[in-house]
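We just call them A, B and C in the order they show up, numbering each chain from 1.
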Amino acid sequence: MSLVNLHQVHKYYGDHHVLKGIDLVIKAGEVVSIIGKSGSGKSTLLRCINGLEQYQEGGITVDGKEVTTEDIQVRRLALSVGMIFQNFNLFPHMTVGENVMLAPTIVLKKSKAEAEATARAMLEKVGLAEKFDSYPEKLSGGQQQRVAIARALAMSPKVLLCDEITSALDPELVGEVLKVLEQLAKEGITLVLVTHEMNFARDVGSRVVFMHQGKVWEQGDPKTVLSNPQTDELKQFMGAVL
Amino acid sequence: MLYFSDLLQYSDVFFSGLKTTVELTVLTTILGVALGTVCATVRQYGNRASQHVVSVYVELIRNTPFIVQLFFIFFGLPAIGMMLSPWQASMIALTINLGAYSTEIIRAGLASISKGQVEAAKVLGLNFRQTLTRVIFIPAFEKIYPALTSQCIIVMLGSAVISQISVQDLTYAANLVQSRNFRAFESYLVTALLYLGLSILLRFAFNALGKRLFAYRTSN
Amino acid sequence: MIEFSNYDILRNLLFATQWTILLSLAAFIGGTTVALTLTAMRLTRNPAMQRIVKIYVELFQGTPLLMQMFLCFFGLSMLGYEISAWGAAILSLTFFTSAFLVEIWRGCIDTLPKGQWEASRCLGLSFLQTLRFIILPQAIRVATAPTVGFSVQVIKGTALASVIGFVELTKVGTMLNNATFEPFKIFTLVALIYFMLCYPLSLYSKHLEKKFNVSR
């Protein structure tokens, strides 16, 4: 069954045509890596899926419900779509535990005890149980990003969107974050990631989507697509990243 | 009821007040910013004693009301033998006041210039004075230009107080007119709008000047 | 003519200082309250509301405080609303304070990264929840130092109330000057008293700013 469904999505920033008719269907349990040059529209696509950006034509549905930028809609959407950002966007004035517990308590109206139990379980999952009472600024970038993942997971989303989540990290910290993602993939969580990590896309992903000039240029099984690109643009892109 | 038509016959009074305010503003802006530039340079690069002197000046002015500074200069200084006309006293008070604020603002600009810039200039053989004028001042002023020009406008508005020592500025004109036609509200309202117009005009002028001063940004 | 000893002068000035402090407090409280309301109006993202706030700021930042006081004092009574010098001073200082504070606070709110809003939105927080739990706690930390710094401007602003006849420190200074003809001594004392009121606040504001810059 399709979880995320994009049909002929067009997006403009003023005169600039960013997305030119995107069709994409993502099924539950898939791990979809979106690759492409910067400016190809991949981050914008992700931000349209969770209502952070408005699109002008076409339609997007998540779990059968239409996506708009209306506040109420976005908030309902937040119950099924989790988002991880490049810059973590943790709340600096709250401890790690409070960061993870916030939305479950005030949005899902869970009791404090229940929210805390979930938070501890999620932090355990990303390997940071002992950082519950630390403030984000005391953590490394990799640890902060893992907290952000725990924070998103605590809302038990149906799909997790990851926007270049390792790009702001020092190289030696990338591994720990990817390991967490890999584990999530094994557990069957639906992941959509905009990424530059080709190895991850190849080894963990179930599909690769190559975007170019606002269009889905080529897509399919990662091993096939990445080792045997069909279009010149993807060949060129592969040449540039490798 | 409000009557404004009455005020038309006093337009020359308003105009001459406006003229005084504008003249004083232009003069004290130039003098005050010049004073601030010197003090900020001393504060940032001078020796310890001179830094201290500048700090005392800046803090004394920033932590006392302008009207008290003005009274001190106009009433207080003659008592120790320095006679000043109201106009002179106002000019000095406004310059000293703007000088203190602009010292703080300009110093922040100077502090924002990286050591690398200064070192690069040194390596190229520029002396200290050349480094200051050729390398440091322009980017430093560009950085603090908005803050500096807002302060100039604040000082212009603050100059309304000089009417209290009988300088015939715009506020003085308002007082004069309302004492003649007894229409205080109308008179002050019109004056307030004139000040508002003046501050908007000044902002435009500063923006235009800024574009010229920092033209190297836009020209390729 | 009454003789004023140095003790008399100082006693009168210090007595008047109470009124300066009281007026400053009233203006600061009034200004903060109005500025909070205006900030809320601005944050609603309603274009009409934002416009109103913009015009308010433009009007009260673009005209002299002295003129605002004249309008409140002479103007309102002309129009048939009797208002005391004390009332006019509080009213105009409230306008003045709020117009500056709302701009200072806007700057503080704007320094928070956009990601804080986006992350909150993605977690399903409503606008008000985002304000209450995410934006305000952080903005207040940033805003404390400049707000304390601005309180110095409020204290200095109260000196203008002397012009409309409110008897506070500056007014008593001019009255004593007229009685003693010792302007140098008296205005030095007046200035020193203001300095002693304002300088600690300036220092505290700087201290807060440093503390904040270290902690982040």
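Annotations for the structure displayed:
As a convention for this text, contacts are C-beta pairs under 8 Å (C-beta built on N, C-alpha and C of every residue); 3 or more make two chains touch, one makes a residue touch a chain.
Going by UniProt, the chains are A = Amino acid ABC transporter ATP-binding protein; B, C = Amino acid ABC transporter permease.
Here the structure is a predicted model, which is why all the values come from computation and not from measurement.
Chain contacts here run in a simple line, from one end chain through to the other with no loop closing. Note: the chain lying farthest from chain C is A, by mean C-alpha position. Chain closest to the overall centre, judged by the mean of its C-alpha atoms against the mean of all protein C-alpha atoms: C. Among the chain pairings, B-C comes first (most C-beta pairs in contact). Per-chain Cα centroids separate chain A from chain B by 53 Å. Put simply, the C-alpha centre of chain A and that of chain C have 46 angstrom between them.
With centres taken as mean Cα positions, chain C sits 21 Å from chain B. Touching chain B in their complex are the following residues of chain C: 58-59, 61-68, 70-71, 74-76, 78-79, 152, 155-160, 162-163, 170, 173-174, 177, 182-184, 186-188, 190-191, 194-195, 198-199, 202.
Residues 113, 115-116, 118-119, 121-127, 129, 133-134, 137-138, 141, 216 of chain C touch chain A in their complex. Of all residues in chain B, those touching chain C in their complex are 59-60, 62-69, 71-72, 75-80, 157-161, 163-164, 171, 174, 178, 183-185, 188-189, 191-193, 195-196, 199-200. Chain A meets chain C in the complex at residues 50-52, 71, 74-76, 78-79, 81-83, 85, 87, 89-93, 102-103, 106-107, 137, 151-152, 155.
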